[in-house]
Structure formats: structure tokens, C-alpha cells
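For reference, the structures are reproduced in the following blocks.
Next, two complexes with subunit A in common: one pairs it with subunit B, the other with subunit C.
Let's turn to the complex of A and B:
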């Protein structure tokens, strides 16, 4: 590791924000599962590492009927996997969490870190997108709240400004009869990045929501496709049609992991399978 | 997975004993080269070529040298040492031209790794990028030579055949019969091409070497994670112009090798750095990325095969051309190529045949041995071809194989005559085909019906054969000493890098000496100053050669014990028998002594001693092998063949391409099980590793021949979750008359032909013949969507019908 950095472990949010604003080349350390790779491969020159794990309020994983689910920036992914609340109320999120990397990595990696790293193929965003998650941000100029579908601005890029820190994710209460599922394609059954990942949700009012990763520079919520599906009414014919239509709403690339052609195919298959599952018509 | 019950007729041989090293390893006590630290030890980091091929215009190391804590900085200007197993073609440090993206351009030894890495980042190199040799076709055109000096390279003459002014490191040949007539007079001639990419070994412990070069003498002390202590000794002596005895090689526990740690790797670089740093010990440790892009791989291979058959299913002729993409250096690659000329038509009776096998230089990561030593690759060609032939003939693939498989009296490709002692390919095939319930190929109607469900099942099987690829004079040896407590200390020269060598050899010793296996003390650690010679721990040869050496040493030990006991019991040693750690008179069992009584010499009641500490030894050498004729490839290269077969049942998800392996049945004619637990482990491990080659693994290079997947992010191997739902091991025990208890080796074999069996099952499921690996989910889906029945390449660009 070439980077020689100052390590700072603040015990409250304002110290963290102040430090991040003051120092150049500062990086936030939560789980570190993405940061360590950047350091090890000398892809960044970190002069300061701000470890946020000692800030008490960031470790909260809470649910209430009024505010829904709050996931603090220090909450590791395995806590989502093991949470009955998450499993019951946000099944797609629990499934996405359980599919992310390996058990050991999930013990370190945080859910908030997974969005801040802003990988196009990150597993949690599709589920967060279909649940209209809000990103709570604090910074030198105060707090702000950004819908997760506006959080990503490009490959490995987000709306976060210098000195800003994501405090938590907030997922509104889903309501009675809400259903969701996350399906992903990988190269093997074990630990792998998603070739494509699709979260599908049917809300209590019968409307669908679709989130997808690894088919564009950022994870996407497919609003336009959702509207068309909702217009047609959700049934087997619509789902077959949506399987075709989805390819008009995504822009996958070919890379070492997959060809664009296969990603298009898998987006179609995973959407169809997800929706069919949710309406109880598994293939 | 349920373990099949195996019953051995022997007390120790065949029993499912725990590995002798198991407890030390699972409790974390085992020490590996990776763990070793020495006073004053320095750490090395390397600057690797960023180009597959480039001219080094200039190197400025001044800033690196000036960094505090840096003790040595080396470039190609500092040493012209050449290394190589069979071809001395590899510079320890590049000079003039780099030959692959991973060639060492400069190296630093410093007080810690961070300083070394920092120093490396301060080295400034000006390169002139050159157009690389991308693949075997470009290499064979020969417009650019990877090694301009190929005509002058020192090599093993008479066994390897570098071609003048070319990129061919060795062109090995074999031929017999009259192929031309066979092709012109047979009912059907079928020609096909099959290929597969380079893959990585991925040992858990990466390559590590520590060398301390004595500044006052030629002495080199080496601690390394390696399979071949005595080969390292010999090659180091050769390359550095010193005597073998000047080189001491220590091998602690080794965290896996699979052939990738055979031969010599980081030791010469560590030596040069230690010399430059005034003799301080220097540790060179490959990172996981370097394991992929600097250390060697299994070569990519393209096989072209032409086969003639008659309508009754008799194979009349076979012509195979194997082109091995060995990358920048020959290493073991030339020997892999050589092996193909005597094993490259599979376990079939073919009167008329020829094989051309070329090990070819390109500017890719170089190649070396990998479990199976070319046989996974050649069998991918042969066993898919055999399946396609049976499709074209309309004969069941089981019947077709049975008609042509080798039997006693038949000749192998090199003209060796098989006997009843050679093992039976037919027994293996019959066993696995029965185990998976083969009833013939799926019909087109059945396939279409199943297709509607989205999941299609298929069954397939494939043969395999392999003999140790080793020099005709390969040898190994064992030393046995008796401890004061009557236990036996055994030293071997072979390395137990996970295959279970020390446990299996201890079992043979326990059987011969009739003492509990716990009474055999044997260490996996090797020190060339103390341990006796072994050629290389490769080739699945140790049970055969080493087992025989243990038997010889045991016999000598017993003879010496009985000599002393005879005096003590006042009888002719001929009258003495042994059992359960005791020696007794055959007619009067009350006259007896324990081994302990004679271990360090027998002592009479009055204190007088006779005999002395018991020591015995055993050597074993391959018997009656010959080099191959350079033009015809005829000769006797195979000490012992092990035949086998896999049969698989798979389920393909036709929309995602995901393959579920429902069952693998694997049979090997191993002559005699030595340790049921170890052989079961070898089979499960080999099958899973073979499955990686079948459905997942493969190096990907871009147009600049840079490796695109140099880490676990995109260079995947199977995990626990990818294990087939059921693996059924079947041990066939037709004894090898000159093998220990009739045993043959089986270390590599389980990996061979797993891809072929899967490929044949994919045909059964989908009705599509795939000619290229891996059979990834994406490859299967694109293959299905292309509408073609024969898939030669699974890159999107090769399947234009898809767009």
C-alpha cells in the first residue's frame, strides 16, 4: 500500500464532517471492503482515513410504522440479512443483502457503503430504488435528504460534496400486501458480482416498481417501464411483453464479466421471473 | 454426499486414516514459507512490464536507490542469468525487450514491503511499445519472434525440438501405420477443431521464496513454497554455475501447488537480490494478482483432429495437431507438448495415427504444468470428437467407445503393448455409465418436450488416461530409522503439498512393518541436506515409485532387525517372523522380542550390546523406459497408466444458461486403494477443479495482450456452493503387478475429462456441440440463441447471427 495516511476515528458526526471538509484526499472508512481494494491497488492516494464506526448513531437499524426502516451508515450487510423486520417488510432488500459478496465480507461491508461506492453493479441499490429509499446526508452546510434514484450521478460518482457524509438510509413503510423479490445472475453460485440484478416490487395499490443494476452507468429505477406495465395491467401477457420491452430502457455495456447481449437477455429473464413469482405464476 | 463404503483386505493399506498433517493444518499450527521470518530479512517487490511486448529504452533507479530502507535495486543490466527447466529461455530480469505483461523489469529489496513497493513506484522506465504476438496463428506465421535468439537457446537436446527462426519452442511428433490409406478407404472421415483458454492454478498459498546468499562462498540457502526441492537445487546450480551441494533447499508446509509450484519460480530473483543486498535473506512473495499475471498458467490449447471410422464403428485412423499457447516462456510447456504425442489419441486402439504437438511462444503469460499435464486439454479434443463421431455414425457413444477401447495386447500410440497388469479402461466406463443410468441419447422429440419446461437434462461421459510424464530415468528414495521406542522415522524427498503423500507412504510402511500408523513418524518438511533424493513431486508418480521405495526400505529394516534378533534369540534369522511390532520364532512364538528391544541395538542382560541403531533405505527407479524416437514418437515413456472415466448428469436452464451438475460418477482403475479417504478427497477436488475448467475459468486478454482478469474479481474458481449435488467415486482394482500392493497414481486424473463429460452432456441436453471452453452460462445462452448446432467460438463477435 503506497498511501500513507492519517487515521482519524471521531466519536461524533460533527467531528467527522469537520475533518472531512478540512483535509484533502480524505476517505471515509466504514466496512472498508471497497476502500481497501482501492488502497491495495494504488488506485487512490489517501492522505486521511476517517473511520466512522465509533459514531454511536450510525449503528442504528430501526423500524417504526411512522418512519419505516432506518439503516445507519455503520450497519453491516449481515445485519440486514439476519433482520426479521427486513425479511418481512422488505424481502427484496433482504435477498439482495444475502446475495452480496461472501459471508465474511457481509460481516464488514455496510449497506450505506454499498451505495456510496456507487458501483453500477452494486446489489443493494435495485431494492433500495424500488422502496423509494431516501439518503440522509449531513455536511458542513447542514443536513439534506436525497431520493436514492437521484443519488448516483455516474460510475463511482454520487451527489456527495466535499465534507458530506451519508448518515443513514430511510425506507418508507411498505404497507399491507406489499411484495418484492431480488433476482441476480452471476457466473457461478458462489461469491460473484452481479452480471445483472433486478428488484421487482408490487405495491399494495397493485403498481409495480422495478430497480436494476449492471445495465447502465448507475443502478436504475425504470419509471417509464413501470408506467407502461401499470397502464397495461399486471398479468402474464404484460409480463411477457415487459420482458421484451425492458431492453429499450437499459444500456448495458460489454465488459470482461459479460457481453451487453447477455445482459439484455438476463434483464429480460430476471424481470419476467421476478414478476411472475410475485403474481404467483412461477415459470 | 454419501461416502461409499470401501473395505480393504489389508490391515493398514486401504484404510481411511486421517491425514497425518490434518490436525496441525486445521489448528493453524502448520508453518508455510509465507509465515517464515528471519533476523535481518528483507522484503522484495517487483516492477512488472506494463506491456506484453516492449523495448526498454531506459531505466532510472536513482530515486528508488536513494529511498531510506532500500537495500538493493536490480534491473536486467545487473544480471544475465538465464533459467529454464528444459529451455534456458527466461531472464530473471528483463533486458532489451519484455516478453509478457508480467515480465520483471526491476526488483527492489527493502527493510519492509511498503518501502520496497514505494521504491518500485519511484523507478522510471521508458518503454517503446512493440506489437505483440497475440495468438498461436500469429506466432506460427513467425513474422515477429518472441525469442530472437531461439536458435541459440540451450535446451534438452533429443527430447525437445525448437524450430529454427520460429516461435516454436518444441515440435514433437509421433506416427504409426498408414494414415493416408486409412483416410481414403474408411467409410467416414470427420475433422474438428476444439480449443480452451489458459487457466490459473490458484493455490491457497501464493508463490513465496526466501533466499540467503552467503557473501563468502557459493552457498545458497533457500526456503520456498515449491513441489520440487531437488529440481530447484539442480537448476539453481546450473544457472548460477555452482555445485548442487552449494544449494540447500528447505520446503516447509506448502499451501497447494497443482503443478504451478513444480520447477523453479521466484528463487533466482530472491538469490540475485540477496547477493546485491550483501547476503541478507530476501523474501519474494507473489501477491494474488501476480499469481495470475506473473507466475505461469496452464497453456491455452487448440486441437485439430481428423478421424476415420467404418460404419461398424471401428476407428481406423486419427490425426491430431495440438498447438499450445505457452506464452512468453517454455517452462514445463514443452514437456506438456511432448506428453501429447504419446497420450494424445486417448485410450483407444488406433492402428494408423499421427500427432503433431507444438509448444508455441506468444506474448501472453507463460505456461507450466497443471494437474493433468495437458491431458484435460487433449481429452477435451478427443472425447468430444469421439462423441461427435458416434452422433454421425448413429451408434450409442457407450457402444462406440467399448468397441475401440484399449485391451490387453493392444498397442498405445508409442507402441507399448498393454497387458492384464495395465488396468482396464472398459471397466471404468462400464461402471460410470451404469452409475448414472445411461439408456442412450435423448431424442429430438424428448428434448423439445423438456425444453418447454425451461430446464433440460442431459447425460454424458468421457474416458481418460494418463501416465506420469517423466524422464526415463526418474527416481525417488526413502530413508527409515528406528527410534528408541520402536517407532519408525521415515524421510522422503518428495513434497506433501496437500495430496497426502506422507500419509499414504506411512500406511505402506505400517503395512510392511506391521506397526500402527501412529508409530510412523514422517514430516512433510524437506531439507535437501538431510532428506534423500526425489526427482520432482509431480506426475502422480509418488505412490508408484515412492511406495515401492518404502517397501524396499521396509524389507531392509526387517532384515536388519531379524539379523540382530536372530543373535539375541539364538536362531537363524530365517526362522523369525514379525507381527504387531514384535519378532518371534515361527515354531516357538514364546521366543520373541519387540521392535523396541532391537531399535538402537540389542542389549544382553549383562549390558553387552549388539547391532546398533537400525537404519534402512530404499530407492526406486522407473524401469525400462526410453526416450521417444524424434520422428515417430515410438518408445516406452509410460511407467504406469491409470485409466478412468467420468459420467455426469446435468440440468441446463435454457434461459440463463446456468448448469446444475446433478451427479458425477468417476471411476479410476487405481489397482489398489491406499487410503480411501485420501483418494475420495482427490476425486472430489479434481472433479471440482475440472468443473472450473468446464464451466467457468479462463484467462481473457485484450487486443494489447494484457490480462483483463488478473484477480479474483473476474478470475473465478468454483466455491463450496458450486460442488456437484452428488459425486460418486468408484475404485476399480485391477492390480498393477509392479505397483505397491498393485496401486497406481490418481492425483491428477480426477480433473481430466470433466469438461469433456460436461460438453457431451450439454450436447445430450441441447443438441448443440460446443467446441470451446468454458461452457459458461453466457456461452450456452449465446450458443442457443445463435441457432447453430456447432459452436466454435463463444465470443459475441464470433456469433454474428445474434445481432
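Let's turn to the complex of A and C:
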């Protein structure tokens, strides 16, 4: 490890923000499952590491009918997997959490870290996107709230400015009759990112929402495709049509995990499979 | 050295001011001044000379460095030693008592659940953490929990058998 860093473990948000704003090359440490690898591979030169695990409010995982689900920045992924509330109310999120990395990594990796790292193939964003999650951010100029579909700006890039820190994710209450599913194609379960991951949701009003990862520089919410599906009305015929149409809405690349063509085909398969499952139809 | 080289690389002191770390390892309180750059794995091996915990990939993928930290199986190669301040750590050295192997270890032996043995401490610690939180897991739960541990020798079936035999024996002999 080439990095020579100071380690700072603040006990409140304002100390964390002040430090992050003041010091150059400072990095937030939550679970460390991405950061430690960047450090080990010498891909970053960290001079300061700010460990946020001692800040009490960041460990909150709470649900209420008015505010929905709050996931603090210190909440590890296995807490989402094990949460009955998440399983019942946000099934796609629970499934995505359960598919993320391996058991040991899920004991450390945080949900908020998964979005802040901003990998195009990260598993949680498709589900967060279909649930219209809000990202609560604090920083030197106060607090702000960014919808998760506006949070990602590019590969490994987000809207976060110097000194800013994500405090929590907030997912509105889904409502009676809400359904969702996350399907993921991967080379090796437990040891690889998604080749393609698709979250599909049918809201209580019958409208669909679709989130997808690993097919563009950022995770995507496919609003335009949703509108077309909703116009046509959700049935088996529309779903078949949507399986073709989705390829006009994504821009996958060929890389070590897959060819672009395979990703296009898998996006089609996973979307159709997910929506058919949600309306209780056979493939 | 190649940045992707996966052989064990000893910790190199950063020259930064050391931080006092106090934690419990295998029921023993340990207080040391450590380099902030040092990983928990390096701390266990280089400082405490607990060589049971292994490094293979060094990136949390293979599970060879798995230890139990506050009841959870974690990969110690991607945790800073100072993150373990105040933590309860159990390593493979903490399993045997009074010179006698634990039931879990005995069953790994009886079922030929190891060959070269390099991955074994990691498998043992992942299994221990699972059985401590769930004394009667399903096959699916066992497989899911051990999915972060890689073994290139056994083909995994003997490991699954060893875990299932351990569950049986712990129920009978320890009343779990």
C-alpha cells in the first residue's frame, strides 16, 4: 500500500464534514470493501481516511408509514437481507442485497457505500431507482436531498461535492399491492458483479417502474420505456414487446464480463421474466 | 512487485504516528500501538503471531482470511486493524480448547473436508459464525454462508458434509 494516511474517526456528522472539507485526498471509510481494494491496488493516494462508523445516527435502519424506509450510511447489506420489513415492503431491494457479493462482504459492505462507489454494475441501484429512493446528503453548505436517478453522473462519479457525505437513503412507503423483483445475470454468484441486473416493480396504481445496471455508464431508470409500457397496458403481449424495445433504451459495452450483444439479450430476458413473474404469468 | 501479485506481502510501516489499539482476540485482551495502514490480517499475523489466518487474494474474494469479529464472519484482509478497536475477534486458534480440537475441526478431519488446508481456517470461521447464530441451518443457508470461501481441493461436498455432521454432533454433545 503506497498510501500514507491519517485515520480519523469522528463521533458526529459535523466533525466528519469539517474534516472532509478541510483535508485534501480524504476518503470516507464505511465498510471498506471497495476502498481497501483501491488502497491495496494503489489506485488512489489517500492522505486521510474518515471512518464514519462511530457516528450514531448512521446506523439507523427504520421504517414508518409516513417516511418509508431509512437506510443509514453505516447499515451493512446483510441487515437489509435479514430485515423482514425490507423483505415484505421492498422485495426487489432485499433480493438485490442478497445477491450482492459474498456473505462475508455483505457483513461489511454498506448499502450507501454501494451507491457512493457508483459502479455501473452495482447491484442495489436498480432497486433503489424503482422505489424512487432519495439520497440525503450533508455537507459544508447544509443538507440536500437528491433523487437517486440524479445521483450518478458517470462511471464511479456522483453529484457529491468536496466535504459532502451521504447520511442515508430514504425509500417512500410502497403502498398496498405493490410488487417488485430483482433479477441478475452473473458469471459466478458470490464472486462477480452483475453482467446485467434488472429491477421491475408494479406500483399499486398498476404502473411499472424499471431499473437496470451494467448496461450504461450509470445505473438507469428507464422512464421512457415505462411510459410506453404503461400506455400499452401491462399484459403478456406488452411484455413481449417491451423485451425487444428495452434494447433501444440501453447502451451496454463489451468488457471482461460479457459482450454488449449478450447484455442486450439478457436485459430483454430479465425484463420479460421479471414482469411476467410479477403478473403471475408463465414464460 | 506486480500489483496483482497475490503472495503474502508483509506489512510495511508507513511512518505515520501509531495509534493505540485495544481489542479482545480469542478471549485475551490485547493492547498495541499500530500503524494506521496495517490491516487486521497483518495485525493478527505479524503482531500477534497468529499464523492460522491466511492471506490469499488480499481483496476479500476468497475468504481465506475470514475471522469472526463481534459475532460476524468478515474478511480480515480488507479491514484496517484500527477499525477493530474494542472488537471481539475469534481466529482459528480460538477454536480448540485445552489442546483438544473442537467438534467442528474434528469433523473437517473426519470428512476429508481439507486437502492442502490453506482455505480451512476461513471455512472453519465462516461455519462457526453461522452455527453460533443459527444452530440448525438448512443446506441452502450453509452454502450461501460459505459462498465467500473458495476451496480448490475438495469440491466442497466434503465441507458441506463436515458442517452437517458438526450440527448433528453439537446438538447431541453440547445440547445446542
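The rule we apply is simple: the second predicted complex is superposed on the first by the 281 of 283 C-alpha atoms of A that agree within 3 Å, B and C clash if a C-alpha of one lies under 4 Å from a C-alpha of the other, contacts with A are read in each partner's own complex, and residues count from 1 in each chain.
Methods note: a contact is a pair of C-beta atoms (placed from the backbone, for glycine too) under 8 Å apart; a residue touches a chain by one contact, two chains touch by 3 or more.
The structure presented is a predicted model; accordingly, all values stated were derived computationally and were not measured.
Visitor: Answer with first, second, both or neither: which of subunit B and subunit C does A:53 touch in the superposed model?
Guide: The second partner, subunit C, only.
Visitor: Using the superposition on chain A described above, determine whether A:248 touches subunit B (first), subunit C (second), both, or neither.
Guide: Neither partner.
Visitor: Taking the superposition on A as described, I'd like to know which of subunit B and subunit C A:224 touches: first, second, both or neither.
Guide: A:224 sits against neither subunit B nor subunit C.
Visitor: Does subunit B (first) or subunit C (second) touch A:193, or do both, or does neither?
Guide: first
Visitor: Could you look at A:105 and tell me whether it touches subunit B, subunit C, both or neither (first, second, both, neither)?
Guide: second
Visitor: Where does A:5 make contact in the superposed view: on subunit B (first), on subunit C (second), on both, or on neither?
Guide: A:5: touches subunit C, not subunit B.
Visitor: In the overlaid three-chain picture, which partner chain does A:258 touch, first (subunit B) or second (subunit C), both, or neither?
Guide: It touches subunit B, and subunit C stays clear.
Visitor: Touch check for A:33: first (subunit B), second (subunit C), both, or neither?
Guide: second
Visitor: After the superposition on A, what does A:155 contact: first (subunit B), second (subunit C), both or neither?
Guide: neither
Visitor: Share the list of subunit A residues that count as touching for subunit B in one structure and for subunit C in the other.
Guide: 1, 42, 189-191
Visitor: Along subunit A, where are the residues that touch subunit B in the complex?
Guide: Where subunit A meets subunit B, its residues are 1-2, 42, 185, 187-193, 195, 254, 256-262, 265-266, 269, 283.
Visitor: Of all residues in subunit A, which touch subunit C in the complex?
Guide: 1, 3-7, 9, 29, 32-33, 36-37, 40-42, 49, 51, 53, 78, 101-105, 107-108, 189-191
Visitor: Please output the residues of subunit B touching subunit A within their complex, sorted ascending.
Guide: 114, 117-118, 121, 454, 655-656, 658, 695-696, 700, 708-709, 713-714, 716, 718-722, 776-778, 781-782, 785, 795-796, 802-803
Visitor: Where on subunit C does subunit A make contact in their complex?
Guide: So the residues of subunit C touching subunit A come out as 3-4, 12, 14-16, 19, 36-37, 39, 58-61, 63, 66, 72-75, 77-80, 82-83, 126, 144-150.
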